[in-house]
Amino acid sequence: MACPMGNGVCKAGKAAASNGTSSGSTEKGENYWTYLHLDKILSAQVLKSGAAGEVVHDEHLFIIVHQAYELWFKQIIYEVDSVRQLFMTEKLNERRMLDIIKQVNRVVLILRLLVGQIEILETMTPLDFLDFRDHLSTASGFQSLQFRLLENKLGLKKECRVKTKSDYAAPYGDHPELLAQIRDSEEQPSLAQLVERWLERTPGIGSRGFNFWERFQGAVKTMLSDERKAAEEMTDPVQQKEEVEMVSRRSALFDSIFDVKVHEALRARGERRWSHRAFQGALMVSFYRMEPRFNQPYQLINLLMDIDELLIKWRNNHVQIVQRMIGSQQLGTGGSTGYQYLRATVSDRYKVFLDLFNLSTFLIPRQYVPPLSRAMQFRLSHSISLGAGEAHELLYDSSHSEGEGEDGELAEETASAPGEVEGAAASS
Amino acid sequence: MACPMGNGVCKAGKAAASNGTSSGSTEKGENYWTYLHLDKILSAQVLKSGAAGEVVHDEHLFIIVHQAYELWFKQIIYEVDSVRQLFMTEKLNERRMLDIIKQVNRVVLILRLLVGQIEILETMTPLDFLDFRDHLSTASGFQSLQFRLLENKLGLKKECRVKTKSDYAAPYGDHPELLAQIRDSEEQPSLAQLVERWLERTPGIGSRGFNFWERFQGAVKTMLSDERKAAEEMTDPVQQKEEVEMVSRRSALFDSIFDVKVHEALRARGERRWSHRAFQGALMVSFYRMEPRFNQPYQLINLLMDIDELLIKWRNNHVQIVQRMIGSQQLGTGGSTGYQYLRATVSDRYKVFLDLFNLSTFLIPRQYVPPLSRAMQFRLSHSISLGAGEAHELLYDSSHSEGEGEDGELAEETASAPGEVEGAAASS
Amino acid sequence: MACPMGNGVCKAGKAAASNGTSSGSTEKGENYWTYLHLDKILSAQVLKSGAAGEVVHDEHLFIIVHQAYELWFKQIIYEVDSVRQLFMTEKLNERRMLDIIKQVNRVVLILRLLVGQIEILETMTPLDFLDFRDHLSTASGFQSLQFRLLENKLGLKKECRVKTKSDYAAPYGDHPELLAQIRDSEEQPSLAQLVERWLERTPGIGSRGFNFWERFQGAVKTMLSDERKAAEEMTDPVQQKEEVEMVSRRSALFDSIFDVKVHEALRARGERRWSHRAFQGALMVSFYRMEPRFNQPYQLINLLMDIDELLIKWRNNHVQIVQRMIGSQQLGTGGSTGYQYLRATVSDRYKVFLDLFNLSTFLIPRQYVPPLSRAMQFRLSHSISLGAGEAHELLYDSSHSEGEGEDGELAEETASAPGEVEGAAASS
Amino acid sequence: MACPMGNGVCKAGKAAASNGTSSGSTEKGENYWTYLHLDKILSAQVLKSGAAGEVVHDEHLFIIVHQAYELWFKQIIYEVDSVRQLFMTEKLNERRMLDIIKQVNRVVLILRLLVGQIEILETMTPLDFLDFRDHLSTASGFQSLQFRLLENKLGLKKECRVKTKSDYAAPYGDHPELLAQIRDSEEQPSLAQLVERWLERTPGIGSRGFNFWERFQGAVKTMLSDERKAAEEMTDPVQQKEEVEMVSRRSALFDSIFDVKVHEALRARGERRWSHRAFQGALMVSFYRMEPRFNQPYQLINLLMDIDELLIKWRNNHVQIVQRMIGSQQLGTGGSTGYQYLRATVSDRYKVFLDLFNLSTFLIPRQYVPPLSRAMQFRLSHSISLGAGEAHELLYDSSHSEGEGEDGELAEETASAPGEVEGAAASS
């Protein structure tokens, strides 16, 4: 870099701002080199081909590319951990949504950079790679702990992974602290789980008060009935039959979300991931995304899908480059090759936020979307950002002044707003 | 990363291929973690804000971004050094042109990545930056040794740099080896100088043989004469006057390259950088780029301009982000701010290959371009990739079979082909 | 494209959804070709070189690139017009902020695409361009009406433009309707003006109630006093003098925003653009961006800076490619060349949202930022999205229940919230 | 755009350069608007939602994105046609290789742009899309004639396409000329076929002369023998068995290219596409890419793989966006959905240059690669760019002076050089 960001700032100001603690460190002077620990960073490129007697020019690139990946992985994990932490606080202050959006957006931008970065690695040719591949012995990207950490923290479950004979952990026998990180990442709540819980608290999906789900079911019923009528009125008998069948299929499709048992069956098969209630929350946010309190939850939902998409692109990139570097052709006899393994990971199995992608199947045209009640509209127009007790008090007053007689709605739903978290205790 | 490139390769094969030396290292097993020295890479992020008592979330990104820049700078320097080395060998084998093109192209791709990477840093807001800026004390991107190394190795001269009061070297008092690198980079032949020398050897620009420059001057004369005639024949007197003047200006412009004294005067003022002969070579390559031996020199010329352009974009990006982060407004009184300094570096002064950009000014329409002689066309159809002695012998034979009587042309020009380097001794 | 988005949709459903009006058009069948008017789009590439006798291969690219630019310009203008319309409605419902953010973000993404697109044009070489440049006669990108429209609609003022002898409008003599569009764009409120007015209504900047400006001035005073004290306590006399001067300069700098006269003087010189009150609003949004109601205004501010930055990058790209294609060297005598004209447009003069960039100069460390009052915090936690009358009523109630005795604050400020627009009538 | 490329050019010069034919057209004045036919381009956005009564904001974007795609498709087809034309000329002059590389590289850059462009379409949300999807009736990207043309011209065979019930041609009943273009594209030689033929002429693969294939088979035999020996010498019996098996599998794999029958069987199954001889040529170019005459063929091979990779990325992008826009979930009963169809196209079946990707499987370490004979090295050091007769004569002379006694090699191989095309007739 060459940006003198630190330049031209008043030193006295700094001293004052940091309460006079700008002691020795300023004197001695931290500088660009020491601050970034460039001694470590720039001494970490040791070419195996060089050690073996003859430097292969392209190995340097190979090392740098992977180190750059790992640096960015660290950053992504840092952001994901921060977002998880924010979601884990008992009472999520909506004032933190801006931070959440910002940090998740940053993950998206970094992943986008990494997806593009492959282009640089592609300037290495297969023959160049062959020249030093031997020296890598068993080192393999499959062993990237940080990538596995990242997948786990996002919410990729063991049972969704493609089975392999290789053990990614084998080389870490001497690093119990690293393996412990992996174990922790498997046990701690993942981002997907935290978002699921948060969506379950979406205001308005409870059975009391606005009761979104009942209204939505009614709306779908009306829509399907209209569609069936239109289909039956068709004059061409062939087309009529076809269309009536189409409506029946759509009807069955909607049953898969209205019938909790079907939902749970699909969940058991891994085709859905989240609870029925979280699904309701996500759908409600989609329909009423214009309401101020749903703006940012809606942005978040889209960013989470971006993450899944970019990881799929990332995996697809790797399939391509592996095929290009070491070929994909194999004569049936052998075990699964690196290419085939990677090919299998470019799949919806690896989508952590799969349910969000499925939402679109169940959207209905605007004219059928149930209108918000005035009370609901009011609730979605403001945020709960004060201390829980105060907020409750204020809202309670407001709700009374509305006088819609939806008793208890607010009390119930206050406890389940996405973007806010208020324990039952706080609101009672 | 997650690419199991090392997977599925036959270990015995490796052993054999590396002549049985796959001893202990394979046994003990180099792995992804140790190979990439991730212990160093991933322990180099130490937040100053954390040390000062309260972690500022965005400082982590700030560190990672700059470390990623430095990793890539190291790669760029590695490639530039390799290309310089290739150009410095006494006899540049044309078989190495593919490597040169590949490595310079890689530099271009990396710079393009870095230009885009700024977008990630922009997710940090000015207030976030303000939160930890104080902790950076005097650390400044201005102190990046690698960036300065890179500029020097490309060919940025001291006298072209914007003057500053700050001394980039101040913090490196304890690192004489780093300062030595900088000094070396100022003294060793830069890429720009090496390309200049190589262009001076372009086949066909000598006064014997094809004598491009004389033919080109003739062509320009014809063209200008045609233009003047056309201008004078215009019926509208105002337009006529204007056009005649325009032709005169163009004529004067061409004189600036035909008259060596004018060229040298412009060079003294920094408006041109290269020798007159190198300029001739570059122009000749541009005109006859379709000839097989000029294909890759032409590609190279374009990639070198890409480098300059991307560095300008990089500098412009930094102007923008500095303005965004710390503002640009200043009330006249003070010294040059970081913003103003950076603003001044977005300039043709910092273009190392400025002469290549100027080439376009002197291109002439295809119908005026002097046609190649058969001998010249033949010479540009093959490369000198054998040992110098052999090549000369073969070419000499061939030249005789041409029988164009351009005695000595080949002998003279063989010694000056861009893409080949053969000392006078070798060809005599 | 090849995405069968229209596939698999139930036709009967469509018919029903569109209330049975899916008459003839469905029968006859709109299809991909007719829907996109590809007969027009794909017949608009007429090569001048072809008409003149010999097709120059690269002219096709030249045309396509510019047509793609113009298509995207149309989209950008469409979005900017939509955002302007939203800002112009008498009562901006905060529920529309999601739309505004989305549309402005789209403009940013398109500009980013266009900035990258230049790379494709760079595959054309100067000699290729020379081959057909003659056929273009006076056609010049300078004549792009849409680009001028876009600049005007964003808010570029005539007096900020670089003066040229050429008249962009000359070729449009036969198209009065196009020239009328330009005139309208100069007269109608630009996006910059509308944002200025909206920022002037930021809640909390009025002199009654929270009175941000007074509190901010107090905070700066404290900060500068601390800094001065720290400076004076320095032991090294040279450094002490330097630091004291630095504090004085900073103090003078802050005076430039506290003293309305200085602000207006800078405005007259074009160094600032917006009213003093709008500047206050932007600064307040920056400081309290975490508050729910300021989240999106803050996002918007950042996106507007992105637009300016990308337009600067776009202009810089053009400087580079013009230099590459036609050269920049000129022998003093002549008038301003295309290169020099373009070079001059890469400047802060062309930044429409310049004031936003200047904000950073005046940010102060978090510990000095005035804390929000409870009433202010409450006001920033909810949006005004109901009908104006209702909202006022509800808020009024709430404000009473706050009982902070900041009489009139809400009434006053409700009428000036960025993100909401409620006429004086509504709130009285 | 706003680039005054046409500015500042001497009009008289133009007149002269175009031989005084700058008649009426200059007088009347072509300008930016008329040259680009912006009346057509900018009037082609007709919103169906608007026609139906209420404009849906996002439909405008939907139209523009697809029109931009189609513009670029036209450009890609233009370049692919040009490259095909160059390959189809009976005698491909190697001086055209620069053009071929440039044009194929341009296709790559455009595809890269299009892959990134999807990001803009993703700013449209599923609900927005639902708002106007009904109005599209049966219009579907599946109907893009240009995309199908492009696939055909590249070389995608009918039998490799995923079967669908839909008929892409249905809507073009009224446009016989468009359907004729499709038919032609299926019958004319595709780029893949032309490259195949060109690779079959690679110098050095004939059975006379250098005889690459025989030498390569020998080299592989040696390598496998070394590997087997190393495997057998392993001390750990389990590992020994495993490694010996691995060598056997590799041996069988190489047999699949050495045994023409196996190759043809794989070809019949679609796992390989090209003739055995073309495969040899591609492999030879890969091994000896440093030789001057193979530099550009090698660049070309890499660019062709880029095209395949980018098309796969493009298709994958569309899978993602379709899932996001209309969902992927379907309850088993129905026919193939758009999503499932698209999912199936992200496959090696759609890779036109599949054989190039498979090359890597058969690369061998540098120490085993057969060294070039001096005669072969000489032949690869120069190009055949003169008229065929002359070239032959010159080469013949040279070959005699080599005196390696590889009779007939040159005559035979001259007729099969990739990068040159000289019919047997011409060289005899």
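Read from first to last, the chains carry the letters A, B, C and D; within each, the first residue is number 1.
What we mean here is this: a residue touches a chain if its C-beta (ideal position, glycine included) is under 8 Å from a C-beta of that chain, and two chains touch if they have at least 3 such contacts.
What you see is a predicted model; the values in this text were computed from it and never measured.
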Per Cα centroids, the chain farthest from subunit D: C
Pair sharing more residue contacts (C-beta pairs) when B-D is set against C-D: C-D
Centre distance in Å when subunit A and subunit D are each reduced to the mean of their C-alpha atoms: 35
Centre-to-centre distance between subunit D and subunit B (centres being mean Cα positions), rounded to whole Å: 30
Geometric centre distance via CA averages, subunit D-subunit C, whole Å: 41
Residue numbers of subunit B (touch at least two other chains): 17, 99, 134, 289, 325-326, 365
Residue ranges of subunit A in contact with subunit B within the complex: 1-9, 14, 17-18, 21-22, 25-26, 29-38, 40-46, 48, 52, 57, 60-61, 63-72, 74-75, 78, 82, 99, 102-103, 105-106, 109-110, 113, 116-117, 119-120, 123, 129, 133-147, 166, 170-172, 175, 178, 314-315, 318, 321-322, 325-326, 334-335, 337-338, 341-342, 345
Residues of subunit D defined as touching subunit B within the complex: 10-13, 15-17, 20, 94-99, 101, 223, 226-231, 234, 239, 243-244, 246-247, 250, 289-293, 295-296, 298, 365, 367, 374, 377-378, 381-386, 394, 397-398, 401
Complex interface listing, subunit B residues touching subunit C: 122, 125-127, 130-131, 134, 249, 252-253, 256, 271, 286-287, 289, 302, 305-306, 309, 312-313, 316-317, 320, 323-331, 333-334, 346, 348, 357-366
